[in-house]
Amino acid sequence: MISLEFILQSVDRWLRDRLGHEVAVAVEYVLVGLFVILFFAVLGLVLVFMERKVSAWMQVRLGPNRVGPGGTLQTLADTIKLVSKEGLTPAGADRFLFNLAPVLMIVVSMLLLAPIAFARNVQLWDINIGVLYVSAISSVSVLAVLIAGWSSNNKYSLLGAMRSGAQIVSYELSAGLSVLTIVVLSGSLQVSQIIEAQQTGWWLFRGHVPVLVAMIIYLIAVTAETNRAPFDLAEAESELTAGFHTEYSGMRFALFFLAEYANVFVASAIGAILFLGGWMPLHLGNWDAFNRIMDWIPSSIWFFAKTFFFIFVIMWFRWTFPRLRIDQLLELEWKYLLPLGIVNLLVATTIAVAGWYF
Amino acid sequence: MNASLETTLQSVLAAAPVPVQLTAGSQWPELVVAPDDWPTLAPFLRDHAELRLDFMFCLTCVDWKTHLTMVYHLNNSSCERVVVVKSVLDRQQPRVASVANIWRTAEFHEREVYELFGVHFVGHPDLRLLILPEGWEGRNPLRKDFEDPVNMIRL
Amino acid sequence: MFKEVLAEDQDCLTLNVGPQHPSTHGVLHLVITLKGETILRVDPHLGYIHRSIEKMCESLSYRQFIYVTSRMDYLSAHINNHGCALCVEKALQIEVPQRAQVIRVLMDELTRIASHVLWWGAMAMDVGAITPFFHAFREREMINEIMEETCGARLTMNYMVPGGVMYDLHPNFQRRVKQFISFFKSKLNEYDELLTDNIIFKQRTQHIGVLRREDAISFGATGPVGRGSGWACDVRKRAPYECYHQLQFEQVVEQAGDCYARYLVRMGEMRQSLSIIEQLIDNIPSGDYQAKTKAVLKLPKGEYYSRVETARGEFGVYIVSDGGTTPYRIKFRSPGFSNLSALDHMSRGHKIGDLVAIMGSLDLVIPDIDR
Amino acid sequence: MTLKQYFRNIWDGMRSLAAGMRRTGYYFFHHKEIITQEYPDVPPRLAERFRGEVVMPHNENNEHRCTGCTACELACPNGTIKIITKYEITPDGKKKKALDKFIYHLELCTMCNLCIIACPTDAIKMSQAFEHSVFDRSQLIKILNKPGSRLMEGVE
C-alpha cells in the first residue's frame, strides 16, 4: 500500500544508494527545509481561503468566488499582491528590529513543525521531550510580537505588543497544564509515544471528564496564544487599528499573517495529537470490520482531518464572539482557567495512577 | 398649558434677583435678560422649585447685523415646560458669561458658538476651537458678513 | 526613540484616535490621554466633515433646505426631514392630511429600526464580533428596499415635503412591510443569542461608561443614551407630533446608565417600533398624501422651533425668518453633538477597549455631530 | 463568591457562548440563507421609482415636452440645471420662447427629485440608470434635449 511513510522511505533508500550516507543525510536536510517552506506556503493559501469561506458562510455571504474555480485562487492572487507591494519602514523605527520581528515570528512557527507526526512514522524530528519542546518554542513568538510593537515607533503597536506580552505569558500556563494532563496519562513527553498510547482509543474517549475539560482549556488557551479572536487583543482591530503590526506592509506583513495561520495549524495539530490520537484511526472496541475500514483510510488523512476540525473550531470562535478586554482576559486565565486546570490535572493524575481510564 | 406656564413665570420672575422682561413669544414664553444679569438668572431658573429648567436643549446665536442675540432653549426634564431666554450682545465685542457649569451641555455648544459667531464666553472652562481648524480665530463663518474665500457656487 | 510618547508628563501617553480609525465610524478625532491603558481624558476634535449646513440653508428656499438635512444624520434621514417639514408647517399653519401623517410615522419608525439595526451591527463590531454586522445588514437591506420602492432612494430619501409626503405609498408597501415584520421578529431572537445574552458581551458592556440620570440631563444626552440613564426623554411621548398621541407604545427606560442599559433600550425600541408599525400598517387612512401648498413658500416673520425624536435622540430645528423665501438663520439641534459631549465624562478611568464600547453605545454619526 | 456560584458562572457563560456558536454554525451549514447579490453578473432589480439621473423623454418624432420655463432650474438646490432658451418664429409669424439647451450637471445632482415635481409639463423624469462612473468629470455634463429636437405639439 502506498503511504506517506512508504514514499519517504523509498526516497531515502534511493538517495542513500546514489550518494552514500553522509551526503544523503545532508541532501535530506535541505529537502526537509524546502518541504517546510513549501508546506508553509500551501498552508497559508489553504487556511486563508478556508477562513474566508468559513467567515463568509457564517455571515450569510458567498465569500471569494471570482478568481479561479469557486474563488480558490483568490488567496494566491492576494499573495502575489502582497509580495509585489512596497514594504515601508516608518521614519523613527528601529530598522534592524523592525525587519527582524517578522522573520523571527515565521522561524518560530517553522521550528514548531519539527515534532509533529503527519502520518504513521512520518515525523521531522521525534525528540524525546516533544510536547515540552513545543511549549518552549511557542513562547518565543511573544518576543517577535514585542519586538515588532516596540520597533515600529507607533503607540498603537506598542500597546498591542504590551497586551500580547501579558496575554501569551499567562495563557502559556493553562496550555501547559492541559498538555500535562495528557502527558500524565500517556506517561511520556515524546510525541510518537503519546500517539502510540492511544492505540486502543483516543484520550478524549478514554480519559473521562478530565480530558474533556483539558481539551476545552487547551482550545481556549491556544486561541489566546495564537492571538486570535476573541483574544486578538494584540491586534484588536476596532481598538488599536492593527495592533503590533500596524506599521507593517507588503511581504513583512505577509510573514506575520502567515505565521498566525501556521501557529493555528501547529496548535491544532498538537491538540489533535494529544486528544484525538494524531494519525491514529478511530477504533471502536471489538467491531473488527469497522476498525479494518478505519485502518484502510491513510493515516495522513486522519491526522489532517483532526487538525482541520480543530482549526475549524478555532475559526468558529473567531466569527462568533466579541473580544474580551485585557483585564477580563487575564481574569479569565488566572481566576478560571488556571485553578480549573490545576484541579483537573490532579484528578487526571489520580486517574492515571489508579489506572481508572479505559 | 402655555398660559399656565406664563402665569407661573410671572409670579416666579417677580422674585427673580435681576430684572427680566417676559414676552409671550411665538411658541414658548420668552425672557429677555441683559448679558450681565444672565449668570445670576441661570442658576435661579435651574434651581427654582416651580420651574426646575434643568435641561438645556438648544443654545445658539443669531446675527442681526446690528447686534447678536444669544438664544437659550430651556426645558424641564420631567415635564414639558419650555422657556426661551434671549440676551442681546454687542456685535463688536460680544461677551457673555458661560453657563457651562450650570448646564454641562453648554460647554460644547458654547465652543461652537464661539467659533462660528465669535462670542466670547467668560468663565468657560475650555474655550477653544471645536470644529474649525487651528488659526481660524477671528473669522466667524456664521456671521452675515462672512465671505468664504473659496465659494463653491461661484466656482 | 520614543520622544513624543514621553511628552509633557512622564507617565502619560497621548494617543490620537482618529480621524481615521476603525471604531470612530467616520472621521471623528479623539485625543486621549492615557496612563497605561487607563483613560485620563478624552478631547474630541470635530469638523473633519463640517459642511456648515446651517449656513448653506440660509441660501436655500423652504422647499429646498429639507433635502440637505438628510445629509446630517444619514441613518435617520426621514426623521430629520420630518422635523424640518414640521417646522415649516407650523409656521405656515398647514394642516397635514391624516394619510400623510400616518405615512410619515410609518417611515419614521422603519427608519428607526433600520438605524438601530445598523447600530446593533456596528456595536458588535466595536466590541470585536464581526458576524453580527453582516446579519444586521441583511435586515437593513429589506428596509432599504422598501424605502427604495416607495421613496425612490435608499439613504437620502427626501420624501417629506412641506404639507405631506412627496408621493403616495407604493402598492407593494403594505405587503412588504408585513413580510419584513414577520421576518424581523424571528431575527430579533437571533440577535439575543448572538449578543444580548453573550457572556463576553455582557462583561464588555455592563458597568461600563455609567452616566447617571442628572448627568444625562445636564449633558442634554437624549435618545437611547438618556433613556438608558433612567430619564424618560422621548419627544414622541413628551410633546407628541403627528399621530403619535393616538398610538400605543411604551417608552423604553433602563435605570443602570451603562453601555448595556443603552443597548437594551435600543433593542426594546426596535420592538416598540415594530408594534407601532403593526398598529398602523392596516389602518392607513385614505385621502390626500399632501396638503395644497403655494409654489413659493414664505414664512411669516418670527421664530419657529420643532422637535422630533430621531434614532439618536431629540432633533430640533430652529428657524428664524425675516419674512423672505429663505431662512434668515437656521439652527439644527443635533442629538449626537450633545451625546458626544458626555463622552469625556463617561470614559474617564476606563480602558481603551471600553472607550470603543462607549462610543459604540452612544451611536455616534459623525455628519450629525459636524453638520 | 461561593464555589457553587463559581461553577454556576462558568456554566452560564459556556451556555451563552454555545448559543452564539449554534447560531453561526447554523448559518455555516445553511447556504440557502446567503444573501450576496452577484452584482455585475446578475443585474440588480431596481424599483421603478428609483432615482438615478434626470432624463428628458423624446417621442419617435424627436419631440420633447420642455417649454424652457426654468421652473426646474429654480427648484434645484445645487444649480444642477442650466436652461438656455432661444426665440423661435412660429408659423403664424410670432416670436416664441423655446428650449435651446437643457444642460444637466450630473456631478452636482443629489437626486432629490425637486425638479421633477416642479416641472409643469412633465418634460423630465428620473431614470433608473445608476452606473455613472466615468474617468473625466466633464463627461457628466449632459445636454438632455437631443439635437434637432423640438417641442411636442400642444404642450404649453
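A, B, C and D label the chains in the order they appear, each numbered from 1.
Operating definition for what follows: contacts are C-beta pairs under 8 Å (C-beta built on N, C-alpha and C of every residue); 3 or more make two chains touch, one makes a residue touch a chain.
As the structure is a computational prediction, the values presented were derived from the model and not from experiment.
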| item | value |
| --- | --- |
| Where subunit A and subunit D overlap in contact partners, by chain label | C |
Partition of the remaining chains by touching, absent subunit C: A, D | B
| item | value |
| --- | --- |
| Centroid comparison with subunit C (C-alpha atoms), farthest chain | A |
| Selected interface, B-C versus C-D, where C-beta contact pairs are more numerous | B-C |
| Centre-of-Cα separation between subunit C and subunit B, whole angstrom | 25 |
| Gap in Å, rounded to a whole number, between the CA centres of subunit D and subunit B | 41 |
| Geometric centre distance via CA averages, subunit B-subunit A, whole Å | 63 |
| Interface hub residues of subunit A, defined as touching at least two other chains | 58-61, 319-321 |
| Where subunit B touches two or more other chains, by residue | none |
| Shared-contact residues (touching 2 or more other chains) in subunit D | 17, 20, 23-24, 35 |
| All pairs of touching chains, each written as two labels joined by a dash | A-C, A-D, B-C, C-D |
| Interface residues, subunit D side, partner subunit C - complex | 12-13, 16-17, 19-20, 22-24, 35, 46-47, 49-51, 75-77, 110-114, 117, 126 |
| List of subunit C residues in touch with subunit B within their complex | 44-47, 50, 52, 54-55, 90, 214-215, 217-222, 231-233, 238-239, 302-305, 307, 314, 316, 318, 320, 328-329, 331, 333, 337-338, 340-342, 345, 370 |
| Parts of subunit A lying in touch with subunit D, wherever the complex brings them together | 54, 57-62, 65, 316-317, 319-321, 336, 340 |
| Residues on subunit C engaged by subunit A in the complex (per definition of touch) | 1-2, 5, 13, 15, 21-23, 37, 124-131, 133-135, 138, 194-195, 198, 200-201, 203-204, 351-356 |
| Interfacial residue positions of subunit C with respect to subunit D in the complex | 60, 63-65, 67-68, 131, 138, 141, 145, 148-153, 156, 158, 161, 166-167, 170, 190, 193-195, 197-200, 202 |
